[in-house]
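What follows is subunit A paired twice: with subunit B in the first complex and subunit C in the second.
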Partner chain A sequence: MMLTALLLMVQVAAQDPRLERLDPETRSLVMSVVDSARAVGLPSEPIIQRALEGATKGAAGPRIAAAVRRLATDLGTARTALGQGTSAPELEAGVAALRAGASPEVLTRLRDARRPPLTMALAVLADLVASGVPADSASAVVLALAPNARDADLVEFRRAVERDISLGAPPGASASVRAANTGIRFGVTDAAQNPPQPPRPPSRP
Partner chain B sequence: MRVLALIGLACGAAVATASGQITPGLDAGIAAVKYDGFLLSGAASLAPSVRWDHPRGRGFVSARGTYLRFESGNRSLDASMRASWFTTLARRWRGELGLGLGASDYASIAHFSHGIVDARVHVMDQDRGGWVATSFGRSSFGAGPRPVAVVAIGGWLLRADAAVFASFDRSFVGDTAYSDLRSSARLQRGVVLLEGTLGARIFSNGAGRGVYGEASATVPLGRNTALIVAGGRYPTDVITGSIAGRYVSAGFRLGASGIRKPLPTVRPRPAIPHSSSGSDGSGGALLPPTEARLEVAPGRSTDDPVKLTLYAAGAGVVEISGDFTDWKPIELRRSLTNGDAWEGMFRLSRGIHRINVRRDRGPWTAPAGTTRSADDFDGEVGVFLLP
Partner chain C sequence: MFDRDDDIVERVVRQLRQPVSIDPALDARVMEEIASDAAPLAAPRPWFRLRRWPWLAAAAALGAVLIARPWSGGSDSAANAFQFVLVAPQASSVSLVGDFNDWDPARSPMQTAQGIWATTVPLAPGRYRYAFLVNGVEWRADPGAPRARDDEFGTPNSVITVGGTGS
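So, the complex of A and B:
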């Protein structure tokens, strides 16, 4: 039964016309990664997309194969941290967070602290780190916000930090100030002991 | 002394006319201030100052503190010190070495501090002059000082009851760089002194852009008292940590008025910039000519297509490629209303997306407005969130 399913999935991947943009050798390498991912229940679409990205950018076949292998590994790490029932968008956001510098432990704590979907929280975490906020600081802030903040609140928090940074504020300091503005004690990572407040609208100085 | 007074005017600094004296002062006032990113707030200020001038006009040292209390109960403390020493280089040339120190603290947020040394060369005539200057130092907010470097050039012109100044400077603070084109004027009309500044922040990377200006009127009430009314908008000062904002203020000055600083007395200084996307609200729309900026306009529901707009001034063809196009290049159409804008409608799911753009068949790049990340192919990719 399992073998039949695997064969079926391999056939589906082989029939994916989008991969015809790759040369035969690269396509074969990518398909093997896609098949392996599907076999363990990981989403294949991000892997296919990464291969297509490489093709569009004119990357060499071995480079594309390495990229999709790495992505598949990261997807696996993200799922281990976030749990079996994690959706594909959540896993993609989890990979982004991991690559930005968040640890798998942070992803697990985020899963425990917030109801799904975690996509936005993970994406904001990745974005903060990519913007220059130190990974541990960004993790602490997002973990503290996670239990109560809405997705829109998280996005607004990220925008506020982005605005600060664009005006020259050091990223870590900006996250600290913005977190303080929401009532969070920056640097306190135990959300259970220090219940955070959701972000507030602009306040008086 | 006349020379020193001219230099002081040129630098925008106050210079006492009495030699070798210590001049104390105290400003007290109220203000309504609207920082970018904050609500409008009332504030009361108290600002003591003291100044010492060399007996033969070779230099001065001044110090100033400002205590601000906002209607929220938060308070801001700011202290700064400035010292300058002048020397004659030639008949019309003067040299100046300066030192500036400052620190500010707002509520329970980490405090700003800075230390700057600068050197200026002045050339002057009786009623006009100019200078070039360079400054170096450190500015820090919480942990991690950032290097500061500033180069500036300026000029001034004096008339019987008026003075006009103009300057251009380029500042580098860590990774932030910006230029200010400033002008200021002061005009004496009877007993009333009118002062104004007008400036523009341009060529900015990380410090906002826009036009700013302030105006003030000083009316003497007695020999050592004056009423000062002021208002306007000022830009973020990345070095000292003052954030962009608008204000109106009224206050009293106790002490010798003499020649006053062009800027008003009430300028609250929270610790870091909190602004809209640009200090002028422009969103940092000015881009290098080879760059493009992405704007994402989600549909009303998650099923509606998303409008992507690329601003790429001067481009003839703009293409995008991303995980929502299966990484096929899609040529955007030029906007009917804005020749620099290129648009397309796409179906995107909520969450993280990756995108690249290219203009005129050039290299694929990550557009401004996204988070730039390294891709797996020795290039860059823009990552954006669709909420």
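So, the complex of A and C:
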């Protein structure tokens, strides 16, 4: 009975109806990536969504396959940096931070500096870089804010920097000045070299 | 010394050989005791040990449902409603598409009032990439949201991050 249920699960997993929007060859390639991700415990939903995005946007099959392979690789890198117990949203945000230019070491230090979930901190890091803040500066600022700032504080910080940038401020300077005004005493370089003491044990299951 | 011991043994034997009066109802009482003691020995097993395989099968089926659920769009149990707005006075149709609706333009058509297109979508905590599809052909990023850096398919995307219970 158990075996039957497991076989049913595998069969259902192999027949995700959403992927019927892909041509058969691309669908097969995507499913192989999805299966590989599941086999190592990585979330499959982001991979499926990336394939569906490509299908909706009319991308060619090889381009979709390359995108999902790259995403699976980056999810694995993010999990290595963030730990085995990292949630799917955290991994997705971690991928965004990595692609923005943050190093895996920054992700690991952020994990050690902040209680989970890390989704918002990682996302703000990625968004700051997307707004033009240099990756090193954005990493240092988020690492400095991470131990004590709430998610809402991080979002407000990002919005403030974006407002400054829209008014003509240099992105890196805006991030540094805004962070300094939060009462955190740090220089960008100092913060990178001397991260705050972690409020919790660094290991995660 | 032996004679004295023999005397004692003889008296014990005599005592043991005296007839014993037995209650005629003894047999019935003994059988009642046996019957009442037998109940605990044959006590019913706890409910969860009864018919083990059906319970395991039910648990396996539940597990299958839970594992299969991710592609049904995720749980809305912890979702909050988020409004998406695009100002596009010249557009004849606008759809919101993204990671939260399988990138299906039919799932979240936007409604217009004087060129302001809006729709509301429930989102659980997470990070979502999305875009607006204008007139069925033109992809636009959300001007009021951060841009996604990985526009791998050549069109702009925006991102929205929904926080959980972060510190």
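Basically, the second predicted complex is superposed on the first by the 172 of 205 C-alpha atoms of A that agree within 3 Å, B and C clash if a C-alpha of one lies under 4 Å from a C-alpha of the other, contacts with A are read in each partner's own complex, and residues count from 1 in each chain.
Note that contacts are C-beta pairs under 8 Å (C-beta built on N, C-alpha and C of every residue); 3 or more make two chains touch, one makes a residue touch a chain.
Treat the numbers as computed from the prediction; the structure is a model and nothing was measured.
After superposition onto subunit A, the modelled positions of subunit B and subunit C overlap sterically. By the touch criterion defined above, A:135 lies against neither subunit B nor subunit C after alignment on the C-alpha atoms of chain A. In the superposition on chain A, contact is made by A:67 with both subunit B and subunit C. Once the two complexes are laid over each other on the shared chain, residue contacts for A:150 go to subunit C alone; subunit B is not touched.
In the superposed pair of complexes, A:44 makes contact with subunit C only, with no contact to subunit B. When the shared chain is aligned, subunit B and subunit C each come close enough to touch A:59.
Looking at the shared chain after the overlay, A:119 reaches both subunit B and subunit C. In the superposition on chain A, A:160 makes contact with subunit B only, not with subunit C.
By the touch criterion defined above, A:173 lies against subunit B but remains apart from subunit C after alignment on the C-alpha atoms of chain A. With the complexes overlaid on chain A C-alpha atoms, the stretch of subunit B that clashes with subunit C is 362-370, out of 38-46, 110-118, 128-136 or 362-370. When the two complexes are superposed on chain A, the residues of subunit A that touch both subunit B and subunit C are 18, 46, 49-50, 52-57, 59, 63-64, 66-67, 70, 89, 92-93, 96, 99, 119-120, 123-124, 126-127, 130-131, 151-152, 155, 158. Interface of subunit C with subunit A (complex): residues 53, 56-57, 60-61, 63-64, 67-68, 70-71, 74, 97, 99, 102-105, 125-127, 129, 139, 146-150, 152-155, 157, 159, 161, 163-167.
Those residues of subunit A lying in contact with subunit B across their complex are 18, 46, 49-50, 52-57, 59, 63-64, 66-67, 70-71, 89, 92-93, 96, 99, 119-120, 123-124, 126-127, 130-131, 151-152, 155, 158, 160, 163-170, 172-174, 176-177, 180, 202-205. Subunit A meets subunit C in the complex at residues 1-2, 4-6, 8-9, 12-13, 16, 18, 43-46, 48-50, 52-57, 59, 63-64, 66-67, 70, 88-89, 92-93, 96, 99-100, 114-115, 117-121, 123-124, 126-127, 129-131, 148-152, 154-155, 158, 162. By the touch criterion given at the top, residues 33, 35, 37-41, 43, 70-72, 74, 76, 106-110, 141-144, 146, 173-174, 176, 178, 206-208, 236, 238, 243-244, 268, 270-279, 284, 321, 323, 326-329, 349-352, 354, 356, 364, 371-373, 375-379, 381, 383, 385, 387 of subunit B touch subunit A in their complex.
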